[in-house]
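Note that the chains are named A, B and C in the order they appear, and that numbering of residues resets to 1 at the start of each chain.
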Amino acid sequence: MTGFYFEWSFLPKLAQGLLLTVEITAACIAFGFVLGVLLALGRVYGGRLISIPCGIYIHFFRGTPLLTQLFIVYFGLPNWGIQLSAFLSGVLALGLNTAAYQAEYFRGAIQAVKRGQMMAARALGMSRVQAIFHVILPQAFRIVIPSWSNELILMLKYSSIVYSIALLDLMGMGKRIAARNFNYFEVFVVVALFYLVLVLALSQSLRWLERRVRVPGLGAPGLR
Amino acid sequence: MREGTMDALLVVEDIHKRYGKEEVLKGVSFQLRKGETKVIIGPSGTGKSTLLRCINRLTEPDRGRVWLEGVEVTSRKVDINRIRAQIGFVFQDFNLFTHLTALGNVRLGPMRVLGMRKEEATKLAQEELARVGLADKADAFPAQLSGGQQQRVSIARALAMNPKLILFDEPTSALDPELIGEVLEVMIQLAKDGMTMIVVTHEMGFARSVADEIIFMEKGVIVEQGPPAQLFSAPKHPRTAEFLSKITELYGGTEE
Amino acid sequence: MEFFLKLGQVGHHLPMLMRASLVNLELLGALLVIGFLIGTLVALLQVYGGRVLSTVAFVYEWIFRSIPALVLLFLFYYGPSHFGIDVQAFLAASLALGFRSSAYQSQIFRGAIQAIPSGQMVAARALGMSRLSAIRHVILPQAFRLAIPGWSNEYSSVVKDTTLAYAVTLNEIMRYAKTIMDRQYDLAMATFIVVALVFLVFTYSGNALLGLVERRFRIPGLQMPGATGAIL
């Protein structure tokens, strides 16, 4: 072993990177959430005209690599005259990607809500939109929590990909420090630990959230 | 080992088993001679199945010992797999291997435990399947067989190991009524052929006509044991009489 | 449209792009095999190991699932040099992604093993099979069949992750695509779209193949209880 070279002065920089990571993750998840719900509704309730394009979108973004999608947004869009900052490109690419996955999770959750629920709502005189908003979605959102939590944690880890477009998130900052001081091993062990703690904290919070909003009798089929 | 047990195939001595706070077996002992058919009856939940599973240590008894032909099954030093290969076990839920055909199920034991070559094992399996009347179902998967057929395959699986005795744990309890007969037929034939068997069952007709001795268990102890003629017509214990009259009413038990 | 012209230009690079994509496929094969072997072992330890072994297995799984793939790649590529060992990009990437995949695959296999009714093991032991023999002849044949859908998901996931090896200088398809772009910036969009399409083909043909495998090895009566929804 040749010693562990890590200065405490690196920590604030890494913390900065961590902050950016959290920002990017939050932003892309939020974007993905809104778009994902819309796509899911389009797939479930839209006629052919809406559900097919939604399907194509979902297949494309789930079937192609995230890195490729990122480069399409950051390097490709300028070809079409659209120049976005690195931060926006990162959030957009990640957001478009997670939207496709979230759409599938929401679709599954919506379809898991019992048929009778929509019928009962319509029988009361609610319009389709009202029924979706007041009866279906509140249930679907509870059912989707496990899958959605999974996706959130996944995006937290995949957000590291933005280092490749020179963003100084936790990963990017780590690479910069390591490149300057030639201590890749030490820096990345610490970076790994940061991610481990972050993931742990996030999973615990999500588990707490799930328990808080739990309603007896409502769960995904197959879930104990 | 005690005196007078020299000719016993199986000796079960003072078995105790507790689950949590409940003591399910409170000191059960009996012996089994070669070729004997013993039937164990009694109300549900009295530890009959647990007793069977203690014999081949699928469930470990808390206290007590078991000997198979003089070898102590319950000793720490014994190779339990060798012992289990000599004791056949037929489950209430059949437990056929889902991923294998009937033939595959029957020849797995001979191949992997007894070390037979594939051709030998296959031939043996075909014979045993024929013995239980399912030669034509050799290539069917368990899911493609009726309950009665599955249970018969399960018996063939036990037979293929050439066991010294076979334990039957409520073999017909999970079957639809019209399928019970085909399984009992196989078991009766086995008894006639001289197989040593212990059967836990509610089938009184079977017990009456096939058993050499019936053991009545309740609340974890043996209440009474004796030949069917004695138990059914002149039971010594009041509980035995009570139980038998209720059951005979319920199951109408004369012949199978 | 201008775009199709660009696509045409990219077409000249197609042979080289496809050659580079072979590297991705090789990496895919290597990491899946490593992931499969270790994943099966870890799953078995989690289900059948004693308290110590299963805890170690669970910790292993947690570590390799919680650390981002990119960080693992860097650790495996740059890390060994800290100890004086030089590691090639392909080896580092295979190990990093392989261990990571093993953590996800172990979860799939564990789910499959636990979906098998307990009576199967009991029946095998009753015949006199040792635990190991029962696992080999009764449990695993069923578990692997049950695991195919979940494993398909893992395949889809990692085939795309091979592009991450770009970060440790592996000469795979994304790295080559970037050089095309560096030479002719206006080909960027077209090039990456082509790369994306290549992966669409890899993903769908892989899934179709796995679907065939599932049908070929299907056994009536052998299936997962209830809903599946394997999520990674």
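Note that in this section a contact is a pair of C-beta atoms (placed from the backbone, for glycine too) under 8 Å apart; a residue touches a chain by one contact, two chains touch by 3 or more.
Keep in mind that this is a model prediction, so the values were computed, not measured.
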Most widely separated chain from subunit C, with each centre as the mean of CA atoms: B
Leading chain pair when contacts are tallied as C-beta pairs: A-C
Mean-CA-position distance for subunit C and subunit B (Å): 47
Gap in Å, rounded to a whole number, between the CA centres of subunit B and subunit A: 57
Whole-Å gap between the CA centroids of subunit A and subunit C: 21
Contacting residues of subunit A [partner subunit C, same complex]: 1-2, 59-60, 62-69, 71-72, 75-80, 105, 108, 146-147, 150, 154, 157-158, 160-161, 163-164, 171, 174-175, 178, 183-186, 188-189, 191-192, 195-196, 199-200, 220-222
Residue numbers on subunit C that touch subunit B, as the complex places them: 116-117, 119-120, 122-130, 133, 137-138, 141-142, 145, 219-222
Complex interface listing, subunit C residues touching subunit A: 6, 63, 66-72, 74-75, 78-79, 81-84, 156, 160-164, 166-167, 174, 177-178, 181, 185-190, 192-193, 195-197, 199-200, 203-204, 226-229, 231-232
Footprint of subunit C on subunit B - complex, ascending: 56, 58, 81-87, 89, 91, 93, 95-99, 108-109, 112-113, 141-144, 157, 161
